[in-house]
Every structure is written in structure tokens, then in C-alpha cells.
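Multiple structures are listed underneath, in C-alpha cells.
You will see two complexes here that share subunit A, one where it goes with subunit B and one where it goes with subunit C.
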Partner chain A sequence: MNIIVCVKQVLDPEIPPAKFKIDPATKKVIPPPGVPPVISVFDERAVEAACRLKDKQGGKITVISLGAAQAAEVVKHTIAMGTDEGFVLQDEAFEDLDSFGIAYVLGKAIEKIGAYDLVLCGRQSADWGNGQVGSILAEIMGIPVVTLACDIEAADKKLKVKRIVKDGYEVLEAPMPSLITASSELGLPRLPAGMRIMIAARTQVPVWKAADIGAQGPELDKAKAHTEVTGLSVPSRKTECEMISGDSPGQAAENLAAKLAKLL
Partner chain B sequence: MDYFLTEQQNEIKNLTRTIAEEQVLPVRAELDEKEEFPSEIMKILADAGLFGVYLPEEYGGLGGGILDLCLVVEELSRVCSGVAVSYAASGLGTLTLLQYGTDEQKQKYLPDIASGRKIAAFGLTEATAGSDAGGIQSTATPTSGGYILNGTKQFITNGGEAEVNTVIALTDKSKGPRGASAFLVDKGAEGFTFGRKEKKLGIRCSATRELVFEDCFVPEENRLGREGMGFILTMKLLDFSRPGLGAQAMGLAQGALEAAVDYAKQRVQFGHPIFAQQAVQHMLADMAIDVEAARALVYATARMIDGGAKNFTRESAISKVFASDTAMKVTTNAMQVFGGVGYMREYPIEKMFRDAKITQIYEGANQVLRSEIAFALRKKKW
Partner chain C sequence: MSPVSATYWGIPGYAIFWVLFAIAAVLFAQRLYFLFRLMRLGKAENRFDNLGQRIKAMLVEVIPQWCNLKTVTRKDIAGIGHALLFWGFSLFLISYIIFIGLAGGFGASSAIEGTNFEVVYFSILDVAGVLVTIALIMAAVRRYIIRPERLEASAEAGIILILVFVLMALNVAVVGFGYSAHDINASWPPLGSALAGYLSGSGLSQGTLEAVYQAMWWLHYLVIIGFMVYIPRSKHLHILVSPLNILFRPLGHKVVLKPIPLEEAEYFGAAKIEDFTWKDLLDLYSCAVCGRCHASCPAQLSGKSLSPREVVLNLKEHLLETGPGLLAGKAEVPPESKAKTMIGDVVTEEEIWACTTCGACQEVCPVSIEHIRKIIELRRNLVLSQNKMPESAQLMLRNLQSRGNPWAGVQSLRLRGDWTSGLDVKILAEGDKARTLFWVGCTGALVERNVEATLAMARVLKAAGVNFAVLGDAETCCGDPARRAGYEFQFQMMAEQNIATFKSHGIKEIVATCPHCYNTIKNEYPSYGGDFKVVHYTQLIADLIRRGKLKLTKELNSILTYHDPCYLGRYNGVYQEPRRALQAIPGANFKEMERSKNNSFCCGGGGGLMWIEEQPGTTKINQMRTEDALKTGADTVVTACPYCLQMFEESIEHKDIKDSLKVKDLVELVEAAMKQP
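Here is the complex of A and B:
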């Protein structure tokens, strides 16, 4: 089974809020110095899903990441988890792409990779969180898409997907190839094992430019201009602390319960 | 400080930290309280491939060296020294085989050790032989096809848990230390049993037991090195392993420092966090200086060994003495920062303080190592 996983490198969400800075003029996030970016958590779930399928069925997992040259680190992380090879898509022409543009470029890269049975993405990115690339990519490639998967099984050229809905899950069947986006409910991604770390450390991740995958010219320009960021601001967080009192601990607990009930 | 570790070393350090924080931290107090060997954690470390970080790739290892071993020990010890020493003692039981074993011996044992399917132990100490390793009484009497082992090894880390035991015994009693040889003894060999499990002050989850040999037959192919080389191999082994012990002490000190800093920032007295007190600041700063110096020494020594240096007895001893004295000093002062609550079992400092003491004692008491350093000084030409 050939699986392609699309992963994104994002700002480490574990950084303290005070370190998160934006430039209001250019409407861009300023990466904090000294904090290495990480793989988007949802994409890590997608990699985990791919690895689980590979554990059961065998096959090959190819990872692609569109971003800066440092995205190679993220690809290497997935190799340490158990994927087989990866490519970084980096070009000046790819800067400032929105969901449509990104999906277009990823589609071109997948075209170049060739045969596949399944494409996996995270349900959304951990930074901008648009949650659109997966669906648009499926549309471009003309294959079915199932979003928010928490479990994937493959048998007889078909995929059985558990998909998260508001009050539980539904089970869908999809043909191969399809595109599936992975949700957090899939479970924790595996830790890399030492031997895989060694393999990953020695892997050179090739960088594909626009010309390498034929993502250029008017087609790319057309893919570019769908959305515009009109404003970017850091939400202000205010915490207020109210001490709930009572004559006895029991009374205080009752007062707290009453207060919480009112808030709900 | 940036020590310019390789990409692989950084990943291994991060992986070990994740395992330590996610798997060891939640159970460390319980393991300490119950004095229970951390079998499950050993399994997790094995699955992660960490038992093979310092072993060659041809035997299923990751091809690293003593520095890689030190990084794993440091990160484990930062959270729990008992777990760290259980991991590290397997390395101690393996290094002699790695350096002086024949190809057949390595083929037979190393892949299982690298994968963590088998852990190892090293047995030297006896009731009559502690710092004076030459005082061992255990015998390995030559017989047809091998040797008959008799005697009792004491205070053996991983005793009873280890499948592979490197044991030193006298093949020729008349020659004293020059009559000692090293053997690999499999758990389950006839005549090989385990004595009582010791109750300890610290590192309580690690298994410390007697290895008892009563007419235990060991085939000749399990002898490591030549007959009579046992004592020399042991001295060499300890030169190799002492940076690992230094890493254990330094990682422990790092854990205590972090705990003390966190506590000083949140403990309010006289209207301010006690971190605002210059007296406390300077204590914390001194702790940080000592921990960083210990780390620099341990890494530098490990790199010297990995770089292929011939003689590093002095450097090994220096890194172990400094790091272990640092561990004792830093945990003592960390407890002082915690004040009364630090003395209570509910807080982790009390355990770290108890765990620290052994690092000044085992793998060469610091006084003996100071004598070794002085011996090297006397011989040195400036």
C-alpha cells in the first residue's frame, strides 16, 4: 500500500504566550529566536495513521512538506517515526500561498511521486487552522475525501474510516485512492525508536523547486490569489480570580457549585 | 550551553527526556516507595532502542559511543536516578565484552543486549573486596572444557534481573590480583543463584543483590580476554564507565536545580517569592555553575574516550569525582531552598538527596579516585 502524507512545519505551540510576536504592518508572525519549529500536531496524527496502516499491511510511506528549507527537520522526524522517504517543496514562488495555492502545489508534487492508494493530511494546521487544504487537494486530484478520521482500516482495495461527528462517530467506506484527514482522536503519535533516529539522521531530504514539479506560470498565479489577510492581532487574555467563601468547607463547595451552574 | 551534539545525539537526548517525563515521572515516587525494579520502564527503553546507543551497528546498536550513553543516563537521572542506574549498569556489564570479547562472544550476546531483550550486570565487589578490588576471594577453578565458579559477589546492581553477568574471579589464587579472570555467566546457569535483595538509602528501585556461585560451571568460551587479565580489564572498564556515573550524578543535580528554581519562584515569604532574596539567588547561581561545569567535564571526558584516547584514567576519575560531589552539594542546597517541605517525602527533593549519596561511593569511592588523580599527578611531566 502506497501512502502519501502531507505535513506542515509550524511554530512550537508550547512556547510561552509572551514569546508569541506578530508584525502588524506585514501581518505576519515573527518566529521567536532559538525555538525550533515542530511538526503540526494534526499532521503528526496523520503520520501515525499511516504508520499504523504500514505496520499491518506493509507498504511505503512518502512524506511531503511545503515550507522553508528547514522543513527537512519535520520530514526527518516522520522518518524517525517510521515513514520511508520525504521531500520538501520550497521555492520563492511558494511564499504567501493560501489554502488553494498550497493544495495546488501539493497536488503537483503528488503527481510527480506517482502511484498512491491513500493521501493523508492533518485535519487542519496547528498554526492558521483553516482546515481546507485536505479537501481542496482531494478536489484537485479528483478523489474522494473523508475528513476528521479517528481510525482507518484498509482491506480489499477499500478503506473503512471512523469519522468523528459531534456526538460520536460514523463509519464510512471509501475506495482507494482517497484522501483522509486525521483528527486528534486518532490517539497519541508514537515516539521514534533509536534505530529509526539513526536512519533519519543520515537521510538527506531532497528539496523540490517549482520547476521540479511543474508548479509554475499562470497556473500557480491563478492558484495564488483567493484570500487576503486583512488584519492580524494577538488576542488579549484576561484572567480574573474570585475566591469562593463559605462558613464551612461544605458550604464553600456548595457556593462554588452554584456559581458554576450559573456560568453554564 | 551548546555542546554541539550531533543531530542523532540531540534526537536521542530528546527521546530519552520525553520517555523520562512521560513514563518515569508519574511512577518514580511509587517505585522508590515500593523498592520495585522498573521492568516496564526498561521495556520502554528497550523498545526505543536506547540500550544500543553505544553499541556498534553490526550488533544492532546505534553506533554511538560513551557520550551517547552519558546523554541517556543524564536524561533518565534528571527524573529518577534509580531508573538511570538500572539502565547504566547494563552498560557496565557490557563494556568489557564490547572491548575484549571475541567475535563469537559479541555475536552471541550483543544483539540481545542492544535490543534490550537481555540486560547485563557487572560483578566485582565482594565482602572482602570493595575499593581494594584485588582482595577478591571468588575462584574459577580450571576444569575440562571450562571453569568451576565458587564465591559470592555483593551489592551487584541489576543482580537477579540481568541475563548476562560479567563476573571477576580468581583462576590462579597464588598470583593474587594477577590471577583474576573475567567471565560471562548466564542467568539460569546451574549453581548460580541470587542472595538477598538489599534495602538501600537511595536509588531504591534499582535491584541490588548478591550473586552466589556454588560449583557453577562456566564453559571456556565464556572467558573474556586471557586468563589472568581480569583485574586489568576491570580497571580499564571502570575508566570507560566512570563518565556514565558522572552523567548520572550530573543529571540528578540538574533535576534538583530545576526543582529548586521552580520552587523559589513560587514560594512567597515576606511578601515576595524567595527567588527575590539575594541569598537564595546566589545559592541557585552556584548550583547552576556547578551543574554546568560537571556537564562540561563529563561530556569532554566522554568525547576524549570516543575520540580514541589511549589513557584516560585521570580524566575519568576527575569527571566522576566532580560530578558526584556536585550532586551531593546541589541536592543539599536544593533541599535548603525548599526548607521544611523539602524534607518531606511528598516533595521530590528528599528522594534526590538520598539518591545523590551513592554517587560519591560506588564505582570508585571519591577518596580512592582522588588518590588515583594524585598518582597521575606525581607521574606527570609538565
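Here is the complex of A and C:
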């Protein structure tokens, strides 16, 4: 079974809020120095899903990551988890693309990789959180998409997917190839084990430029982008503390419940 | 005339003597050979380096019985008893060779009997016999009346006490009956002669006395060779094996973790008994079940299921159970142990994760057993091959792997180099060179309480005119938490990376504040090509005070006690320097805790346990240690380790005793004492 996983490198969400800086002119985040980027948590679950499938039925997992050259670190992290190879897609033309542009580039890279049975993405990215790339990519490639998967099984050229819905899950069946986006409910990604950490550290991750994957379409034209960033700000956080009291613990609990009910 | 030269029922005594001996010798050798083959199931490890030095060190440890005497305290004098037994019994062993082997078996009795040598030796044996008997009584009283936690009153222990006593008694009886039967009137050896005198006056016929003498002699002989057969089949195997174990103990650094070779393997760490090295298996044979480790293990004492003694015993039992099958080359093992997996059934995961790697067990073990590396091998298997570990451990390791430090969440409200802001310290940029590096460590750089100590350290170094630089944001974890948690490859990678960084800046000397970093860089990096001069800051400060570079002038009217961090004290023997520094503080009244120096009690934070949850429902180790500090009446407990500092802070907070006890890092006090009034 050939699986392709798309992963994104994001600013470490553990960075203390005070360290977040934004350049108002370019509307971009200025990364604090000395903090290596990490894999987007949802994409890490997509990798975990791929690894679980590989554990069960073998196969090959290829990872692609669109971003800066540091994305190689993220690809290496997935190799440490158990993927087989990975590529970084990096080109000036790929910078500041919106979801459509990104999906287009990923699609081109997948075309270059060739045969696949399953494409996996995170449900959304941990930084911008648009949650669109997976679906658009499926559309471009003309394959079915199942979003928000918490469990995937593969058998007889078919995929059985548990999909998270508001009050539980539904089970869907999809043909191969399909695109599936992984949800948090998939569970904790594995800790890279065995010697894989060392193997990964010594892996060279090839970088593909626009020309390498034949990405020259109008989709890269930023003027024709479907979305535009109009403003970017660090959310201000306020905490207020209110002590809820009552004559008895029971009374206090009632008061608390009433308060919560009002807030919801 | 030795009873061996007589004839019994037409059979010459010599024949009986040697046939019995041959049977015993075969049984003895057979068992030892079996144990040797089992030991060879273990993995290779070179412990044959510096043999001369090893032999010398072993003799110096065993013959004066330092191995047992080193743990003698007012409360536990068992070591003295063992030393008496050892010396006394050694004399008896020699006597068996001379007076039974040579005189009896080889018919040299005429050359030995009646000589002054015999009289003197027998007299010495009388004294030794009394001393051994005293030791036996002490041992029996302890085992069956006082019953300390560390000893289990097993049948085996009882058998051996009785056997040795019987040997002592028979020795006197043989001399007594022999002398009276042969009409020897002597006053030496005292006990034997006294008995002979009594028997001669008892009216027993010469014939009866001779018959009883012969019977006693043969009984004595039987007990001795029976002993030989029994020893390697009992826990008293340690009599034979432990000197070897001391011979092959690590030279130099005490806790030697074996690097895992970089080659694909089916699995890593120890999943089966034969995954340990032969030295680990020899360890198992050597255990005397004295329970000293059990009685000093903080995990055990705080109510966790881990007992280092039980780990060793259970592994030994497992080896003896599965070994024969393995030797026969059969994959299958005896039915009762068929379903047994080493991790889970023999040593539980709970036990494996309860160890703080504090080293207390190894410190007190009289036979130099290395407990910690076994626990780490088991962790390696769990982490590297089974992906099984407490969630808190996984979280820590994930952080290490992706962020280069074990802290996350609220603790990482800062970035690594943040503490340097506002301080004029040299932060090494790429290409910069420096001789001395101040290695801050993750905890010292990231955790708020510890940052205070780091700042104090930087200010003290500057005040003393020490020329140093720091790595700032470029510093990463030294790898200690990864290694202790069994995440070996992550450790190896971090070690390689850090060594490359040090080399790129031309660093020669590293000052570490954290004893864990200190230990790792000093003792473990050399295996990866990193040979740097590493000093702990307490050593540097003591030296600066001695040389007059730091002047402590301000009186601190305070009662201090010092907590020895395990990785500074037991692991590296740094006990004096911190005390010297504290005693140099004017007005400081220094009190020792009852458990201090090499007997120090862990704070609970080592071995990755800073991040791994303690078994619910048990006492917290840091609470116990805080009690120790409180007992001294000190108002300040001083330590020299960021983990200890946090552990004390937490338990002081928890006990709500902030008014009566404070915890300070040593450097904070030094700085306070430096300020002009």
C-alpha cells in the first residue's frame, strides 16, 4: 500500500505568547530566534495514521512538505516516526500561497511521486487553521475525500473510515485511492522509537522546486488568489477570576451551575 | 593416626574418603559449570581490562571485609558479624585443607600430628570458632528476633547458620575425643583440651572414645563436603561468586550504561534474560540477599513496589528457570515459565519506572551489584521497542525529541536564552571561540525558580572575575533524561551534537550547575569523543573561596543543612567542596542530616522521575527528604541541583511550612554572603 502524507511545518505552539511578534506591514509572524519549527499536530496524526496502516499491512509512506528549507526537519521527524522518504517543496513561487495554491502545488508533487492508494492530510494546520487544503487537493486530483477520520482500516482495495461527527462517529467506506484528513481523536502520535531517530538525523531530504514538479499554472499567481489577509494580530488574553460562593457546598455548586449556564 | 588410615567393614578409609570426595567434587563442579554456561548466555562485555588493578582492588575490598564494614552504622552492625564470619571461616577452610585434606586424605598425618604448628593452629581455631559462633548468634537474633525489613527469614538462611554452627562444634568435639582417645594431655588448644580432660575423667573406655572420635571425624568430613555441594545450590553461592563480581565491577565511574551499537536489531534493550551482559548475570549469582539495597531504596521506602533486592532475586530465579531450556537450544521453556515475559511477569513496568537511579542500592551493596543499568536496559526495551511508558514519560521524551528540552507547558514560558537578558554575559555566536563554557542546562535556563539560581551563578562568576561564555538559545539538553528513561538513541544524538558544538567553539572547560549535566558530560560524553574538563560549580566556588577570589563577608545568621544530590555525591564523589563553601559563610551554623554524603536520600527527581508521575497512593519521596531536613532543626536546606531545588520547593509548599524551612541553591547563599553590609 502506497501512502502519501502532506505535512506542514509550523511555529512551535509552545512558544510563550509574549514572544510572538507580528510585522504589521507584511502581516506576517516574525519567528523568535532559536526556536525550531515543529510539525503541525494534526499532520502528525496523519503520519501516525499512515504508520499504523503500514504496521498492519506493510507498504511505503512518502511525505511531502511545502514550506521553507527548515521543513526538512519536520520531514525527518516523520521518518523517525516510521515513514520511508520525504521531499520538501520549496520555491519563491510557493511563498504566501492560499489554500488553493497550496493544494495545487501538493497535487503537482503527488503527480510526480506517481502511484498511490491513499493521501493523508491533517484536518487543518496548527497555525492558520483554514482546514481547506485536504478537500481542495482531493478535488484537484479527482478522488473522494473523507475528513475528520479517527480510525482507518484498509482491506480489499477499500478504506473503512471512522469519521468524527458532532455526537460520535460514523463509519464510511471509500475506494482506493482516496484522500483522508486525520482528526485529533486518532490518538497520540507515536514516540519515534528504535534507531529511527538516528536514521532520520542522517537522512538528506531532497528539495523540489517549482520546475522539478512542473508547477507553472496560473494557480501560483498571487494576484488571482482566492483569499487575502487583511489583518493579523496577537490575540490579547485576559483572565478574570471570580470566586463563586454559597452557604453550603451544595449551594455553591448551584450558583456555579447557574453562572456557567449564563456563560454558555 | 588419622581415622582415614583405619579400615571399615573391610573397606580402607582412604577409599571411603576419596570416593566421597569425588562425588562431592563432581556435584560441585557440575553445578558451577551449569551456572557458568548460563552466565555465558549473556551478551559480551569487556571487563578484563586492567586485570592487575582489578585483582588488587578486589583483594583490598574482600580480605579486610571493607565490602561489609563500609555499611556499619550505629543501627546496623551486621557488617561486623559478617567480617567475623568471613575471617573465622577462612581460617577453618585452610584448616580443612591441611588437617583433613593433607593429614587425612593424603596420609600426611604423621608429619602434622603433635607438631607445634598443629597446636597453635588449633588454638587459633578455638578462638575463631568462638568468634564465628558469636557472629552466628548475632545473625540468628537479627533474623529471627529483631527481624529488620531488609532481611527475609528464609529457611536457607537458617540451614546455613545451623550448618556452620555444627562445623564449629564438631571441630572442638573431634579434638576433644581425639585427644582423650589417644591419651594426649595438653592445655592447648583450650576448648579441645578442656573437653578431652573432661572425657578422660568421665570413665568412658578407651575403645568407646576412639569409636566416637572416628564417628565425629567422619561426620565432620561429611558436613564439610556436604557444605561444598550445598553452597552453589543455595543463595550462599555468593561465597564463591561475589569476589569475582567485585573483581569485574566497573573501574572508575560506578554506573556504566552500555551504548547500543548503531545497527538494526530485532529489538533494543533487554526483553529476555539473555539480553543482559554476562556481568549482569554474574551480578544475579552474587546477591547475598542481605537486603541492604532494599532498606536504602527511596522507591521502596516510600511505598512503591520496586525493591532492588527483589529485582535481582526475581531475575536470578528467571535465569535459573529459563536457562536450561536456552542451553538445550530449545525455544520452549518449562511449562510454568512458558507464559512468563521478563518485563511484566518477572519485573513489572511499575517497578521499572519507579527507579530514580539514585544509586543508593549500588552504594550499599556489599558485592558490587549494578542494579541501575539493568533497570535502564528494561526501560530501553519498553521505550525503543515496545513504545510503552507512562504518559508523563512520553510527554517528556517527545519534548526532548522535538524541542531539545524536557520541559513543556507552563514551565516553558521562556526561551532558553531569556535569562541572559539584562546581564552582560558573552553569548557564543557561530564561529566564536571561548575556553570556559558555563553550561546552564534546561532546568536552569527554563524553570522560573531555577533561573534565579542561574542568575546568581552568573553574577558570582563575574564578581570573581571568571572569564566565561554561554551558549544561550543554542544550548540543548545534555541528554540525561533521555538516557535514564531508556531513550538511548536520542541521547546518543544529543551527545554527538553537543560535542560538535563544544568543539566548534574551541571549548576546553565546562562549568555545569546541574549535577546531571555534569555527570553526563564528564563521564558519558568521553565514549562519544567528547573529552573536556568538566567541573561542578560547587567545586569551582570552593576553589574561588580558597584562593580568595570570592570573599564571603556578610553574616548570614542561619542554621543550614546540606542535601547531597545523588549525581554529585554518590555518582561523582563530590561531598567536601559544597560543605567547605557553606562553612565559609560567616554566621552559618551547619548541621548534617542523618542520611548524608554517600548515604544521602534521593529527592525523588532523578532518572527522569522529575517528569514521570510517582505511583499514586504512595508517599512522595521529596516529602520524606524534607522531613529529614526538618529533623536537623535547620531553617534552610541547601542543595546544588536544580531538580533537588524544585523537589524541595514543591514539598515545602505542599507541607505549608514556608515559614520554618526554605530551600536555597548553594550559589544563592554564596551570593548573599558576598554582598557588602
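Throughout what follows, the second predicted complex is superposed on the first by the 236 of 264 C-alpha atoms of A that agree within 3 Å, B and C clash if a C-alpha of one lies under 4 Å from a C-alpha of the other, contacts with A are read in each partner's own complex, and residues count from 1 in each chain.
Keep in mind that, in the parts below, contacts are C-beta pairs under 8 Å (C-beta built on N, C-alpha and C of every residue); 3 or more make two chains touch, one makes a residue touch a chain.
Owing to the predicted nature of the structure, the values given are computational and were not obtained by experimental measurement.
In this overlay on subunit A, subunit B clashes with subunit C.
Touch criterion not met for A:54: it reaches neither subunit B nor subunit C.
Of the two partner chains placed by superposition, A:209 touches none, neither subunit B nor subunit C. In the superposition on chain A, A:32 makes contact with subunit C only, not with subunit B. Of the two partners subunit B and subunit C, more subunit A residues are in touch with C. Residue contacts after overlaying the shared chain place A:224 against neither subunit B nor subunit C.
Once the two complexes are laid over each other on the shared chain, residue contacts for A:112 go to neither subunit B nor subunit C. When both complexes are overlaid on chain A, the residue A:12 reaches subunit C alone and has no touch with subunit B. In the overlay built on the shared chain, the residue A:195 is in contact with subunit B and with subunit C.
According to the touch criterion, the shared surface of subunit A, contacted by subunit B in one complex and subunit C in the other, consists of residues 80, 191-198, 201. Interface residues of subunit A, counted against subunit C in their complex, comprise 12, 14-16, 18-19, 32-36, 38-39, 77, 80, 188, 190-198, 201.
Partner subunit A is touched in their complex by these residues of subunit B: 6-8, 11-12, 15, 18-19, 47-50, 52-53, 57, 62-63. Taken in their complex, subunit A has these residues touching subunit B: 76, 80, 191-198, 200-201. Interface residues of subunit C, counted against subunit A in their complex, comprise 262-265, 268, 383-385, 387, 389, 394, 397-398, 401-404, 408-409, 412-417, 472-474, 487, 489-490, 492-493.
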